[in-house]
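Across the two complexes that follow, subunit A remains constant while its partner is subunit B and subsequently subunit C.
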Partner chain A sequence: MMLAELDNNSNLPAGIYYFINIMRDAFVKNQVRRYRQLQGRDNRKIIGTYCITVPEELIYAAGAIPVRLCGGSYEASCIGDELVPRDTCPVVKASVGFTSLNPISLYQMCDAVIVSTTCDAKRKLGEELSNYTEVWMLEVPHIKDTDGSRRQWIQQLYTLKKNIEKLTGRKFIGRRIRRKALEDSIGIINRARYQARRLYEIRKSPAPVILGREAMLAINAYSYDIAFEWTRAMSELNDELEALYHKGQFVCSEYTPRILIAGSPMIFPNWKIPSLIEEMGAVIVTDETCMGNRYLYDPIGTTEKSVKDMMVGIAARYLMPCVCPSFTPNEDRLYRLLQMAEEFNIDGIIYHVLKGCVVYDFELIRVEKIMKEKNIPVLRIETDYNPEDIEQLRTRIEAFIEIINSKKRKMKEA
Partner chain B sequence: MTVSQIRWITLTVSFFVLSFGGLAALSLGNFLPTFSCFYVESRSGTCFLWVLQHLLDHGYWEAYKSLGKYLLYFSLLVIVIGRAWCGWICPLGFFQDVLDLIRRKLHLGYISFPEELRAQLSCVKWIFLFIALLIPLWVSFPFFGKSIAMDLRQPFCQLCPGKYILPFILGDTVDVAVNFKSTTTIIMSVLGLIFSGVVIFGALLKRRFWCPYCPMGLFLSFYKKISFIKLKKDCQKCTMCGICYNVCPMEIKDLLTERKNEDVTFTDCTLCLRCVEYCPEDETLRATFFGRTIYKSSSKGFFSRQHITSGFPEEKHQVVSEPYQ
Partner chain C sequence: MKCYAGIDAGSTYIKVAVINDSTLMGYKIAPTGIDCRKKSREMFDELLSDLSLSPSDIIAITSTGYGRRLIDISNETVSEIMAHAIGAIWTAPEGSKIRTIIDIGGQDSKVIVIDEKWETKNFIMNDKCAAGTGRFIEVLSRVLEVNVEQIGPFSLQAKTPCQINSTCAVFAESEVISLLARGKDRKDIIAGIHRSLAKRISGMARKASFEPDLLLTGGVALNPGLVAAFEDELMMDIYVARKPQLNGAIGAAIIAGNLRGKS
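Coming up: the complex of A and B.
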């Protein structure tokens, strides 16, 4: 449904079709040919991941392929409804739903999945999934900056590394994740991040050259693609967008209200909020969700090529800059939001809370407080994957955007 | 050229100039804020710590007066570039960095001490500094233990790894031995040799192993508030990615956790600027000279130094053969 809507927009940049096709193959056509091919022909393992705190470098370095499985489908969440408590968040419901019934191959094909112990629901998710597949839990410390948690986290990654090696290793050969492989995989994903950052920069332009729902979809597609291929496609898209910018072909004017989406992850196909916002005449210039900008923003920096140093670098990257509210204290997120509001010249924030996602809801008050000082309105939207509330959401979003519009008009006159 | 490369060049040139400059009759004075060791015959300038201990233990006015003069010159040198003397000039720093380079080339990891241990060890540099300041005063007024006191001249130098390591690597092994003159000298030189062994071994395992305990470094850090060079951080732009902490050879964590003050020139900082080079956020870390930015971090720089801003990894990483459509 969402894809058809996107497709119908005749102004789409050509580069975006690649990403739309990834989504279509994964969720509509239920086609995972590339992965199957890799699994069958090249004997590669596929490892599912359930959070951005799972280091994909380790997976690539072992010759395996990661796919990010956090579920965003309404149908799957309905299946999951039967299996987990009612108040669980829809991400976990959909993930359990997908795994239990195996309706799509994306979930079926995984040889093992990695679940991080971030929020309560994710912690229990791992336990539930272990009924169906091999699960490795990854214990994420909740207080980030103590020496103890740093050490514990590095230790966890070494354990994970061992698990992956056990899965991918063949007898006698290729048992270990080698130094060179690790170095390469860091390079590969840093390349992807570099392209993601280019898109991030492009979206800062006063008049946008790409709509937020498309840009977010492109980033989201990374979950279901192979990093290398994604990077290539993203670099083409970026080149195209830069050209559009120089030609002055904007998708909307610089007076269009600029929205930042914050809060619980928005995972395809749950695309209703991005679509609504942009249908109502605003533009999403950036987001701070873990399926969007946060996913590929921070790079890994290492000064030497020893396994030890690279592991330290990977550990830091996947823990320190992550501002998921399952961490505490989480002041860093407020700094991040303020910085984004400034960089992107934000007019309003839509704060997305998935029903049952307590941690994001908790931080709303703080976010509202700091944004009030900056005179940026915040609209909290609590919803799940059910499409029934679309009309109601539409009214609220419309009103919110209208307020911003009138404010902007006044400012323009003054 | 990256800052690291420029620093290597400066460090190497300084090492040779300071170690061999004397052969070309070059004389840079005896108030240098760096380990240009007195015990290196061919040096072109002398470590201020030696002069300090030497003049303090004289106990008469003229010596103190010239000490005051040297202290003034020393201070001026430190005020201008602060602890960049450590990161960019010091011969013992160079020696440690060379060992570090060897370790890296062998792809061996480094060790890092737990924070708690680091905090406990941070008193060591103070102890060394007190040894360098107080014992010479006792030597100059030896109201007890006169013979012991006289054998304790330049007490810190007798312990200093610089005294043993620097002449040794330049091929001069005369001082690299136990001094059997008296019990005191035996103890001091044995301790000094042990320290030197530990430093050599340590520097192969840990980045800038000795510098956190160096009294000279501590002395230089006293000037950090008035020094012209400063390290600055834009706390709002920082994403807490932790890279600066990981790459810092002095393992300064405050640099990462600082959320209030702009000035992040911490006591241990040797101004090597590696953190600035590796910070991936635009203008988040900066080095300033006289308030003017001389070097700043940038996202673009971060990625281009890894050669990933254009082109793609070689074919072997291309895991998929079939085009996607």
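Coming up: the complex of A and C.
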């Protein structure tokens, strides 16, 4: 298992263990004591979320705790396999699997879950989950640049706000999301995003101080942690990594092929692809996925501190910078990928397509085209959470890294 | 004498080749079985005694193929993609300018596009199932009760090849069974199987934007029916590698000896 492998690596930065333990508590020990503590005497509500378009600020502001439930578990996807159509993506299969059988208690603890209608599978996911739990659908517009969709989106967020208030409010005494609480929660999550951006900045260094599979795990752990605690741990990790950089303690040389992961999310514990890439001698320096860079990058900007203004700010943050391929047109994603390729000095892109995820596969054609112009090779990998194809994938990834290495060698000679 | 060895531990067969600076000195091919490490060691030892060489004569060993990481006698491992690209330096027929290699293995098939320096430019591999692999032919030949060696000559005698639409080994099997049930001639069915395989892999080749000349490697290349099907499908001549089964092992040996420049 991935966590055991990580533990055996004695060169891990000390700060990473906090994140490993979060994952271990959630998936291995199935430990929910933390959450019970957080619920406390006033029985704070836990709200599950299924997409990065769900504003966690609203949940925190209402005194509830958000948990991002997208779990990349093969076992859960096998359970879900029997409940949803065969060609559904493994994310949805695992979500249904986790909820229907509750192999990890976190799912059962949620008082309600929020599902965004980003793609066809997600739209139907909500209906399936409603057999087991309370579901609130959040209708995300697919075209960003019209007044209608912006109006619709903000209306959706107000409805969501009302739902959350209803759930968290005590009888007779209305407990609403108040101005101060909202301002605080925006601050808390902006600080988390700041630390995440810092980690990405550190990963831009010519010789990396942290492997991608570990950095990605740390970011992924945000899903199961409380924002301010995660921020504290991330800030410690960042300090440590900066110190390592100044001491010149790198995890690999500056000649190691630098990989950008794009496409469908790598969701813990499905760490198959990141592990393979780094086992075969490359390093993942960044990613463009909804479990990484896209999740925790852009902060919310507000001008006045009125609830209305903050709601507009939240709405803008969760819609405009999001480059999920469920939006159309989505030229922004190509610009972002080009920008990342340059900033992180990328040698190659591994484009991950989860079986059944059509929108990501569609955009591959455009990504390949623009990257060809920049002479950056792109390897498409289609897979699911099943470990059966690890050796085939290894061959592909190894050959891809060999091509990059020989290209780098030629450039060095020239 | 400077000798180098390459071990291609494939999913179905292990191939061991020993070369010196200019020639293939000897080789061995045997089914992989369950213990690929032990088997390849045995084959290597036998090959050395056949060639009356001592282990110290072998300067370096490189392994490739699915079992490559299990081979403990090798000095380094390379991916099959690289091994096949380099192997073509020795196995391509004289006078050809190979730019694309199609290797049909037991578990997967690959299209490798190379440049004039034999460096891989692009490659594409089939997905994780047996569609478009040697296994596909193996499974279907069993249904048709034909030896794998016979199916090539058989298909060349076909009059009106059948249409096999499925590329999935399991679905194609039921398709073949239904063709038999309709009383179709076995030879026509075999020709249809070859067409179906050639169609799928040609699609991969087009996706990888292949360039001529094309070299076919892997044991399946010994099947003249399949070569003909490829030529029909791509509407061009196809070169068959000399010792197509050994292409990967020879490539690995060339890499072991770092002999790329001296083709």
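As a working rule, the second predicted complex is superposed on the first by the 409 of 414 C-alpha atoms of A that agree within 3 Å, B and C clash if a C-alpha of one lies under 4 Å from a C-alpha of the other, contacts with A are read in each partner's own complex, and residues count from 1 in each chain.
Here, a residue touches a chain if its C-beta (ideal position, glycine included) is under 8 Å from a C-beta of that chain, and two chains touch if they have at least 3 such contacts.
If you're wondering where the values come from, they're calculated on a predicted model, not measured in any experiment.
Colleague: Looking at A:R197 after the superposition, I want to know if it touches subunit B, subunit C, both of them or none. Which is it: first, second, both, neither?
Modeller: first
Colleague: Is A:S406 contacted by the first partner subunit B, the second partner subunit C, both or neither?
Modeller: A:S406: touches subunit C, not subunit B.
Colleague: Just subunit B (first), just subunit C (second), both, or neither: which does A:E236 touch?
Modeller: A:E236 contacts neither subunit B nor subunit C.
Colleague: Applying the touch criterion given at the start, work out whether A:E134 contacts subunit B, subunit C, both or neither, answering first, second, both or neither.
Modeller: neither
Colleague: Looking at A:D120, would you say it contacts subunit B, subunit C, both, or neither? Reply first, second, both or neither.
Modeller: In the superposition, A:D120 contacts neither subunit B nor subunit C.
Colleague: Applying the document's definition of touch, where does A:D111 land relative to subunit B and subunit C: first, second, both, or neither?
Modeller: neither
Colleague: Identify the partner contact of A:Q392: answer first if only subunit B is touched, second if only subunit C is, both if each is, neither if none is.
Modeller: In the superposed model, A:Q392 contacts subunit C only, not subunit B.
Colleague: For subunit A, which side has the bigger count of touched residues, subunit B or subunit C?
Modeller: Tallying touched residues of subunit A, the top partner is B.
Colleague: Which holds for A:T302: it touches subunit B only (first), subunit C only (second), both, or neither?
Modeller: first
Colleague: Which parts of subunit A are in contact with subunit B and also with subunit C?
Modeller: Common to the two interfaces on subunit A: nothing.
Colleague: What residues of subunit A sit close enough to touch subunit C in their complex?
Modeller: Going by the criterion above, the answer is residues 377, 382-383, 388-389, 391-392, 395-396, 398-399, 402-403, 406, 410.
Colleague: What residues on subunit B touch subunit A, complex-wise?
Modeller: Per the touch definition, subunit B meets subunit A at residues 104, 107-110, 114-116, 235-243, 245-247, 256-257, 259, 274, 278-280, 299, 302-303, 306, 308-309, 312-313, 317-322, 324-325.
Colleague: How about subunit A: which of its residues touch subunit B in the complex?
Modeller: Result: residues 18, 21-22, 25, 33-34, 37-38, 42, 44, 65, 144-145, 147, 151, 179, 184, 187-188, 190-191, 194, 197, 226, 228-229, 231-232, 297-309, 312-313, 316-317, 319-321, 331-332, 335-336, 338-339 of subunit A touch subunit B.
Colleague: Residues of subunit C touching subunit A in their complex?
Modeller: Going through subunit C, the ones touching subunit A are 66, 78-82, 107-108, 119-123, 125, 127-128.
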